[in-house]
Each structure stands twice: as structure tokens, then as C-alpha cells.
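Each of the next two complexes has chain A plus one other chain: chain B in the first, chain C in the second.
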Partner chain A sequence: MSPQNSKSEVGHLRRIAVVWVVVSVVADLLFWFLVGPHVPPGRMTETAINNQRTFNILFVIALPVLIGVWVYLGYAATVWSAKRDGAPESVGGEAARTNQKAQVWWMSVTSVIVILLAVYGFYAVVVEHGSGGGEGPNPVWSPEGAIQAETAALGGGSSWTPGHVLVVQVIGQQWKFTYRYPGFGGFESDQLILPNHTTIAFNVTSLDVIHSFWAYQLSVKADANPQVNNVAYTETKQLGSFVVRCSELCGLWHGSMFNDGRIVSQSDFTNWATSTQTANAANTAHLPPFAWTYVPDANGASGGFYPDGTFTPYSPSEIYGAKSPAS
Partner chain B sequence: MLGLFAVAVGLVITAVAGFLTPGVPGGIVNFTGAQPSGQPVNLTVQTFGAIGTGPHPTWVSYLVKSPQGQWVHSTDWELPANTVINMTVIQYDSGSPLRNQQWGQVTGTIGNTASVNGKALSQYDSNSGNGVGHTFTVPALGLDIPLVAVPSTSKNICGTAPCASSFDHNTITFSFKTPGAGNYSWQCFVPCGLGYLFGNGGPMSTQGYMGGFLKVVA
Partner chain C sequence: MTISAERPTEVVVPSAAPPSTGGISRTPRSGWLSQHLGTAIIAAILGYAFGHWLGNYVSSGYTYVVTSGQNSTADALGLLFGVFGWLLGIGALNHPMAKLVGREGVEDAPVEGWSKYFRYTLDHKVVGMQYVVGVLLFLFTGGLLAMAIRTELLNPTTHVFAPDTYIKIVSEHGTMMMMMATSIIVGPLGNYLVPLMIGSRRMAFPRIEAFSFWIFVAGYMVIFSALPYGGFPTGWTGYAPLQTQAGPGMVSYLLGFAVIGLGMMAAGFNIAITIINYRAPGMTWSRLPIFAWSMLATAALLTLATPVLVAGGLFGLLDKTVETAFYVTEHGGSSYLWQNLFWFFGHPEVYIMALPGFGIVFEIMPVFTRKPLFAYKVAAAGMVGVALLSFFVWQHHLFQSGINPDMRPLFMLTTELISIPTGFIFLVGMGTLYKAKIRYEVPMLFCMALFFNFLIGGVTGVFLSDVPVNVTVHGGFFVLSHFHYTIMGGLLFAFMAGLYFWLPKMTGRMMNSRIGKWHFWTMFIFFNLTFFPMFIIGLAGQPRRVFTYAKNLQVLNDFSSISAFLLGASFLLFFANLMWSMFISPVKAPANPWDSLGLEWQTATPVPPYNFERIPVIMTDPYRYSEVGAPAFADLGDHTPARSSASGSDQT
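On to the complex of A and B.
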């Protein structure tokens, strides 16, 4: 390569780099401040905020890569395109394939990006506790106070007050989610109402087939499996409405298996929960004791096990519906 | 060989078509012109242990009384929006406990109450008495009424539809107000699909038997 060609090459790279840096910085800033705050899942919970930030960081990293490709492509198409008069290409062929400097730069930059993403990924998993999915029956982490609240719920001695972890049980059934509140006598409701600025311990299970509890504005998604208690934690941060959908194809009315939920103030939540506890008291008395899972026993027309009015406890499971055949 | 292959393909296509179109009966029964605008609409249905006809004669289902007074096998009903519906369910089936007693609570009706044979009902313990035959539940409206069963020991249970009032039955009445226009699915929450896994297959999983739509129009 002649000194003149080398000088020309440096000039090209400098121009490309300047255009790339300027466009990338402007695009990243515009995205971060104008688009970023509106990116799903929003900012209703700590989990949602973390997920939104993760998405925005990934996008801010990816955008310069995309812009780099476009700028290079545009520059090459404009400056280095083959001339119709048969003039030789100024760059290309053997010289381009063996350009070690370009190869080293490309591999170094992409390696650094991948390593940074891996570091951030570990940070998100360890510090932010993952993405808000179900943590399984034995979570490797839990927010402060969650274990105490869940233990109290199982023992039947739970009573929620503002500032403490609220345990909410999500029960999937073909084809509706219902919600139990052990901190208020274990009443069950088809409404999901949550207090603001509160850590929520979702305990998700199913009475029949596999469902999946997905409250995407809360950035919480946990499979609802029969006889499995799938725990998911989050902290509410913003008042508003959200939508719960089943995201596991679960039969004929799967498409109808959704409901609205609301995050309300702590005082409004307390008023709603206490009034619902009172209104539902007669029916709550006939529900099984609060348990992590409920045996989706053969009952009704399919099993013919008619009840005798006696529930046989399956600690920590309990029977919804008919008596267990084994008891 | 080719003939056998063609027969096999034909059987597969027939089976798939049968699964995808399991004999949806009836069509939509229209109640929008049944009463003057703004006046309550009366809707009467009966539910029983076996429909007796069609591709699944042993399946549990509903009949609805059309505005012309005929019993029609349909679970899709067109109703006027923002209108009080006075609903009567004549329940001829025996029962079982609810898988989830939550559905034993009357919700979403006017006054959150219903009546069974003239007696007020706000909730029913499905683990006692005769159990619950079915529920009439519209999840999107928060509407749920347990349809109290007739005794399984009764010697006068209706075998196949349509059932005459001489058979043992419970008459459940309630009123609710339709919301704005839209399609609202309704279903039974008793696992009443006899012979299917957890009772939720068969009529519970086939449109036109234990579930349907309220087609609410403005």
C-alpha cells in the first residue's frame, strides 16, 4: 500500500467515524430521553422499571452498531461505487480481505460489546433479581420481610398493614384467574387490586391445567401449574390500571382469560380489602384453608366423588372441591 | 397402496374437520327486538344432563327459549346494550361440588342476589346439599350465579332435552344489566364434561354446549 493510498484510507475512516459518532450520539440521546420512558412494560413496578431500563440500555448499545453499518454502507455506496467508465475500484479485492487493522478493530469492538452485555446481564440477574418471571417454588432470593409474610399466610395468622409485604395468591382455572388475600382472612376475588409502594409476593398455582399469569405492565409473568407454587416478587411504584392475561394456551376460552387490575393507594386498598372481606365472609367460610397449592382432584361429573363436607388437609396443599379419593 | 393412503388421508381430514367443527348448533338467537327499547328483556334458558340430539346426544348443554316461544339449542344470544335482562334458568341437572367454591357466590347481578325457587340466594355452599349443577358466569362482567342442582337421588330427573316442567328442577332467577356493545363470553365453571379429564373436556371445551357469547349490540 502506497503512502498516498494509506493517507487516503485514513481520511475515509476519519470521515466515517465522525459521521457515525455524531449520528449515534444524537440518536441515542433522542431515544433515551424521548422514547425510552414510554417503552413497555412501563414503570408501574420496580420489575417493570428494571426491565424497561435493560431494554433501553440494550437498544442504546445496539443503535450505534446499526448506525455504523448504515453509515459505512452509505459512504461506500456513495464514494467507492464502481464507475461506469470502467475505472478500477479504489478499495476492495485482496486489499480489503487482508486488512488486518480493520479486522482487529471489528473483533475488538464487538468483543467489548458482548463482554459488556454479559457483565450487565449478570448484574441484572444478581442485583435486580432477574426479569420478573416466576422464581419457582423455592426462590433463591426474596425481598426483606417476604418469607415472614408468606409463613404467616400459610399459618393462617396473616394480617397485612401498610409497609409490609402483601401476599397475593393467583389461582388459575379454566378459564379465569382468581386471587386470594391471606392477609385479609383468605377471601377470594376475581379482581386483582394492589396497594402502591408495596412489595407483592405473588404465589401462583392452578386448579387444573397449565396456565400462565402475565401482568405485563407489572412485568410479572409466572406459570400457573397444578400442585406447584410459583413465586414472583415485585414492588408497586405507580398508580394505574394494568391487564392480566393467560399466556399459556389452555383450552377453548383461553382467549377470554384476562382481566383488568389496579394499583391504588394504600388507604384505598385497605378500604377495598376490608369491605370485600366482609362482603365475601359467608363464601370464604366454605373455601379450603389457605395453602400454597390445591389438589385439582377428580371431582364433579368426571370423578363422581361427592363431598361429605370434610376437607382433608394436604399440608401444604389443600383440596378445592371434592374430597380426595385417597382420603 | 395408493388407495389405502387416500383412505388414510381422508380419515385424518375427516377427524380434523370433526374436531374443528364439532357441530355448533343453533346460531344466534336475537332478543334485541323482543321488548320496546329500554324495557327489560326476559331471557329463559334450561340446562339438563343430555341434549339428546345432534353429534353429541349425551352431552350436557343449554336450550334457550326464543322470543317466539320455541326452545332452541343455542348458546349465543344477541341482547340490547345497557338494558336490564331478567334471566330465568330452569335447572334440571344433578350436581357436584365446585372445583372452586368462589363460584358459589352470586356476583354481578342487580343487588348481587338471585333467587332459587323463590328464595333469595347470595351464596351457596357447593360442598353440602345437592351441590351445584352448573354456573352461569360471564367473567368479563363479573357475573356469576351458581345453578343449584336437583338431588342426584331423585327418581324424576329429566333424561334428555327438552325437559318438561314435570321433571324435578330448580328455577333460578336473577337480573343483570348489559354493558356497552361487544361480545362477552360466558361459561360454566362446574367441570361437567362427563368422562373427560378433570371434567373440562367435551361439552366444556366445545362451543355451543356449556359456553357461548352474549352478543351485546347498541
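On to the complex of A and C.
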């Protein structure tokens, strides 16, 4: 490579680098301070705050990558076009085929970024108790007191007091979510009311097909699988209402499977829960005993999708001739 | 210009006699008496009728069949025998059946004229052209369904379709597009170009190749049959137990994937063996055109990942027909099983739909930059690396499912590691552009656009791979936009680049460059305007596959829908260009319109039946564009070796 060639090489790369650094720094700062605080899912829970921060960190790393490639492509497209006056310097021979230094740099930088991201993600998942995602029936990373609360809930004799983990069961079925509160006699409600400043243990299951419980502003998402208890944790931080949507295609009315939930103060929550427990007592007596999963009978989810009892096209229970008892 | 092509004397140049395909040849019978598309259709209808009758005969006594009025066994057997009849009618089974009874297979001699495109033809160039028509049929059917989806999403409360119609449209769109995308480059360009690029006269297994195309068409018909059967409500992912619950359209889905899967395995197997064993003398692994490398990596994925899908589909069919319980949790099965099987195929599938695009772009870029491909070995290593890693990431689709939660960090790591070999791809692309002399012909524009689009697709993929961020973006419009950016923004743009680039070779006719540029700019702009807002829609909380959404997202959805209609119009422009340039006002293509050094351009157009007069001898590396006096890529044996560099003269 001639000296003149290497000089112009530096010229090109320096120009690209200057534009890249300037644009990246400006874009990153604008994003972090202007957009970042408003990025979904907001700041309503501990997991939402953490996940928003993770998103913003990823974005601040991603922006320079995007801008770098775009600046380079734009520069190449304009400067190294065959249409421009004066032939651009030619890159011939071995120099055009490969460049050991560029390769090593590129691979090292991408590898370091990728591994750092993976390490940070690992840290976030472990420290933030699954980051609000479904952790299966036996969560490996759970907040303090959660396992005891869940064990007590299954025993039936639990009662919730402020300052403790609140266990809420989310039951998905075509096409609605209902919620059971084992800390208040196991009543079932189609309202999701949560106390503020409380660790919540969502236990998500389904009666029929796979749904996904997505409490958007809480940054909680856990698939509702039939006969699987999928646990997700969060800690409430702000009063207000949030949206619950089904995030896994579950059939005809999947798009309409949503409702609102509310975070209220701890005393308001206790009032609501105890009064609902009393009001629903007659209904609760007819519910199956509180359990992590429920096996539907023939008029339930697996075969009879129409609760009026008419026979439906595909009913394993009918075929096998026995009703499984609701456990 | 000096050419230092020394011809190695020790290489024995084979004779020009056409290679035998192993069967006894006979003169063609007159058109209507032999086997062709018409006989295939008749046999398929007869097969369907027989299968349906058989299914009813064996299973109509069951209580659930009587009371429900639905007989999945009859539907499944009908489609199965329909496919069998189709293959029988087209002649795909003649040879195996003859061998089965110990006789030599009898082949019709090659047919001349246009009717060969409607037959079971063993010429890889004919199969390639057949695939062009086949994938475009798939693409336009799926595209029309996409237009229907965007129409419904114009308004959150006023509906064009009933919810069940809508969900069936979504499912059919997704499934058709995924099936099409597995073959969109491997089928047409892979089959057509691989033998030409590696200097071979034929594919390794011409019958398997023709089989892969005709079963691909059968797959199209099977998945299309879901619509008259009443559709299926599961999306392209087909999750059980919704799958178990669904009506007869689900049979079409399960069998359709199994049928397409057989074609994918056959195509992959054939291409891999061809590249490994049929390279011309002198074509070492480091001289292999990069497109052939991408085909090899893709073929490995097709061959190794697809069997899992076929098996998963057959389990589902058994659940629906003979009442097994693979996916029925109440009876000892597991709904997780389908998710695992499906995504174990489904993630390599994603790279089946990415690698061919990289191959096309790398093959085309040196031609239009007049430079060698930068870091050829890194490009090949990147593609092989992506292919290998793709088998270790599938559970990132199941981060929130509750399956193996303690494995999430591992799958997060493996998924993010894929960014490294994918990064190689960008290094190679950017290095090739460095100080280039870029000619902005239509294929090059599509190549440049791929890097723009795929970058967005790739970077958003990192967001999806991060478990905490995944909580928000999983199952929403964010992921939807992400994979449209990689598959449509990557693969489909590469396919268009490939068509504009190689159709002159395949048909001898140039695509109109003026309409081509209009097509490119409309497609590029409206693609981005359609899908970029979907990232925001997704972050704002709209799940996938919904027919109603939050009122405050209507502006963004409408923007996306209107852009999508214009994107659809851009495809009409492409179709118009295709019709205009190929049939209405064809312009004869020069022998080498882009001044490529590629071997495929050194043989005559139209390509002779056996590709090369003599087997070429490869003399050097490909892509030595900017080197004055570089040796010719290949010695074609006719003492007029390919010239070294088209741009050599203006580089003095």
C-alpha cells in the first residue's frame, strides 16, 4: 500500500469516526434524558423500574451501533459511488481482500459487548427475581418470604397482613382472567386489586389453552399453561390502574381478553378484600379448594368449551368416558 | 490486459456426452399421454376422494365422529392420499416404484419447449424456474392476506372481518409466508445457480430435486386447503392445546408443514451433497463462491432441523385423528412438548431464512463495487457459525412460558452470542464497500437496503434476547416488527436483488431498470414506514394477533396500514415489471450484463442442457475484480478463458 493510500485511508475513517462519535453522543444523551424516563413499562413496580432501566441501557449501547453502520453506509454510498467525478482511489490486491486489524477489532468489540450484555442480563434476572417473567412452578430466584407465603397459601389457612408477600392466583380461560386470593379465604374475582408497597407472587395457570398473563404497567408476563403453575414476582411502587392483556394467541376472542387492574393503598386493599371475601362467601363455597392447578371436567375447559353443556366437537373426557374430578 | 491462465495439463477434461441419470431413456410420448400437471391434478383429486372415503370407512363408527359431524381422520387421509396421488400423477414415484419391483426406472427423454415446466423435469434449471413461479404464488397469496390484516387493523372498534375470520387470515398469512420463506432463495436461485456456480453439469440427485419442487407445490395446496376447511386459529406457531381444540383446518396446517418439511429436507440434502461432491476441478473450499457457502449452511439446517417439525406435526395429527395425547395435558401429554419441538425447528428455521440472503448479497456486492469480497473466510465462518449456534437458542421463544426457567441465562447467552457471527456479516459488507466504485444498479440497491433493514432487525433481536426486556416485548408487535425486518427486510430484499441480477441469465431477458428503481424505492420506503411504527405500537402494549386494540394506538396503526397498502402496490409494480420485461416487451439480455466474473455468466445463454461444454477448471479465487492482470477464474476448456476483470481497463 502506498503512503498516499494509507493517508487517505486515515482521512476517510477519521471523518466517519468524528461524525459517528458526535451523532452517537448527542443521540444517546437525548434518548437517556428525554425519552428514557417515559419508556414502557413505566415505573409502577420494582420490575417495571428495573426493566425500563435495562431497556434504556440496551438502547444506549444499540444506538451507537446503529449510527455507526448507518454513517458508514451513508458515507460509502455518497463518497465511493462510481458516478462521482474523479476516480476514487483504487484498493487492489491483498489490501482489498482482508484486513487483519479490522477483523480483530471488530470481533473483539462485538464479543465484548455481547458478553457484557449477557452477564448484565444474567445479573438482572437473578437479582430481580426473574424480572417479572414466568419462573415456572418452582422459581429458582424468588424474593424473601415468597416461598413461605406460597406454602401457607396452599395450606388454606393463610391470611395476608400488610408487609408480607401477597399471593394472587391468576386463572386464564377462554377468554378472560380471574383472580383468586388465598390470603382471604380463596375467593375468586374478575377484578385484580393489589396493595401498594407489597411484594406480589402471581401464580398463573390456565383451564384450557395457553394464555399469557401480561400486566403491562407492572412489567409482569407469565404464560398460563394448563395444569402448570407459573410464578412471577413484582413489588408494587405506585398507586394507579394498569392493563392486563392476554399475550399468547388463545383463539377466537384473544384480542378481547383484557381488563384493568388497580394498585390501591394497603388499607384500601384490606377493606376491599375482606368485604369481597364476605360478599362472595356463598360462591367461594362452590369453588374447588384452592390449588395451584385445576383439572377441568367435561363441561369445563378441556372438552366442553360451551358452558351450556351442549356437546362440542372435541372432547377427550367424553371419549374416555369419565369425568376427571376437579381437584 | 494480460491473462496468465495456465491450464494445468494433468487435468483430464471429461467428454461432452450428457451424463446419464441412471435410467433407461425412451422417446417422449405425445404430450397428453405422458405425465404432466394435468395428470397430477386428476390423480390428486382421485387420491383425495379415496383417502376421504377410507377415513370415513375406518372411523365413522366412533361416537365423537357421529356426534360432532367432523372426522379429522377422513380429512387427514384425504389430504395424505391427495398428496400421494399428486406425486404419482406427476411421475415423481415412477423411478422408486420401478426400483421397488426390481426393474430399471424408465424415463421420458427430456422434453423441449415450454411444456417441460409443467412436468417432472430433472434439469436443475427447469426446477429453478418452476420454483420462481411457485414461491411467487406463495408470496402473493400471503401478501394479499397481509393486506386483509392491515385493513382490519385500520380501526380498533369498527370491524371488517368477524374475529374468527380475522384470526384465520392471520394464521394463514403467517404459515404461508413462513413456508414460502424457507424456499424463496434455496428453491429458485439455489437450484438454478449452485451447479452453475460450482461448475457442475447437474445436481447430485435430480429426481430428489424435482421431487422437492413438486411436493412444495403440494404443500401449498395442502395449506391452502385450510381455508375451505374453515381455517385454523393458532397462528403459524400452532400451539397446543389450541391446536387440539381447533377444527379441520388444523389438519391442513399439521399435514402441510409435514409435506413442506419433506420437500425442505429433500432440497437441503440434495444441495449439500451437490456442493460437497460436484465441485469442478480446482474449486477448493476457499474458492467456492460465497453464495454456495450460504447454500451449504442453509442446506445443513434444512436437513437437520426439519425432521423435528415433521415429527411434531405427525404427533399433532395423531392427537387429532386417533386420539393419542402427545399434547393433551389431562391425559399425560404436555403442551410444552409442542412448544419445544416446534421451536427446536423454528429457530434454525429463522436462519434458513437469513443465510441465503447474506449469500446473495455477498455474491452481488463485489460485482457492483468492483472489489473482491472483503474477508471471504470471515464471511464463510460467519454463516457456518450462525448455522451451528442456531441449534442452541430455541428456548428464547419460551422465556415467559415457565419451562426451564433456570436455563434462561444460558439461552440468553447463546442467543446474544449469535450476534458475533452475524456481526461478521456486517464487517464483510462494510469492508466490501470500503473505497469501492459503487454502481447503483437495481440489484445493488436491494443489497444496500438489506444492510439497513437487517441491522434494525438484528439489534432489536438483542432486546428480545434479554430476559428483563423480553417481559415487555415478547408476544407483542415489537417482536412482530423484529422478524419482519429480518425476514422481509433481509430475505425478501435479497430475493429481489437476486431476481433482478440473475433473471437475465435465467430467461435471457433484462428486467426493466427504470421500473425496477421505482419498485426498489417504493418497497424500501414503504417497508420501513409499515414496520417501524410497529416497534412503537408493540412497546405501547399491543399484543400480536389481536383484532381490537387500544384507541390511542389508532393513529400509528393507521399509518402502518396505509404504508402497508402502498407496500402492496409496490409489489404490483414488481409484478408489472416482471410481466412487461419477460413477456410483453422483452429486451434481450447481453451475455454478461453486470460484468460479473461468476462462473454462471461464462457459459452460454440460454444455458445448454448440461451447463458447460466441458467441465471448467477453476484457476483462482473468485471476486478478483480490482486486480489488473489477475488470472481468469476458470478455464472453460474452449481456449477462451473468462476475462479477469471488467474494470481493469480504467485502473491503469
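Here, the second predicted complex is superposed on the first by the 233 of 327 C-alpha atoms of A that agree within 3 Å, B and C clash if a C-alpha of one lies under 4 Å from a C-alpha of the other, contacts with A are read in each partner's own complex, and residues count from 1 in each chain.
Note that contacts are C-beta pairs under 8 Å (C-beta built on N, C-alpha and C of every residue); 3 or more make two chains touch, one makes a residue touch a chain.
Everything quoted here is computed from the prediction, not taken from an experiment.
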> If you stack the two complexes on chain A, which partner ends up touching A:209: first (chain B), second (chain C), both, or neither?
Replying inline: both
>> According to the stated criteria, A:252 is in contact with first (chain B), second (chain C), both, or neither; which is it?
In response: both
>> Contact-wise, after the overlay, does A:171 reach chain B, chain C, both or neither (first, second, both, neither)?
In response: first
> In the superposed arrangement, which partner chain does A:106 touch: chain B (first), chain C (second), both, or neither?
Replying inline: second
> Where does A:136 make contact in the superposed view: on chain B (first), on chain C (second), on both, or on neither?
Replying inline: second
> Hey, is it chain B or chain C that touches more of chain A?
Replying inline: C
> Of the partners chain B and chain C, which touch A:280 in the superposed model: first, second, both, neither?
Replying inline: first
>> Applying the document's definition of touch, where does A:190 land relative to chain B and chain C: first, second, both, or neither?
In response: first
> For chain A, which residues belong to both interfaces, chain B and chain C?
Replying inline: 208-209, 251-253, 256, 296, 302, 320
> Hey, which residues of chain C end up touching chain A in the complex?
Replying inline: 63-64, 67-68, 70, 163-164, 166-167, 233-235, 237, 239, 241-242, 244-245, 247, 323, 325, 328-331, 335-336, 369-378, 399-406, 408-409, 412-413, 416-417, 419-420, 423-424, 426-427, 430-431, 433-440, 448, 451-452, 455-456, 459, 462-463, 465-472, 474-476, 539-541, 543-550, 626-628, 650-651
>> Looking at the complex, which residues from chain A come into contact with chain B?
In response: 171, 173-176, 178, 188, 190-191, 207-209, 251-253, 256-257, 259, 280, 282-283, 286-288, 296, 298-304, 306-307, 309, 320-322
> Of all residues in chain A, which touch chain C in the complex?
Replying inline: 9, 12, 39-41, 47, 50-51, 54-55, 58-59, 62, 65-66, 69-70, 72-73, 76-77, 80-83, 87-93, 96-99, 102-103, 106-107, 110-111, 113-115, 117-118, 121-122, 124-126, 128, 130-137, 139-140, 204, 208-210, 212, 214, 216, 219-223, 225-231, 243, 245-256, 295-296, 302, 305, 311-320, 324
> Which positions of chain B touch chain A when the two form their complex?
Replying inline: 60, 96-102, 104-105, 107, 122-123, 125-128, 131, 137, 139-140, 142, 144, 152, 185, 187, 189-200, 204-207, 211
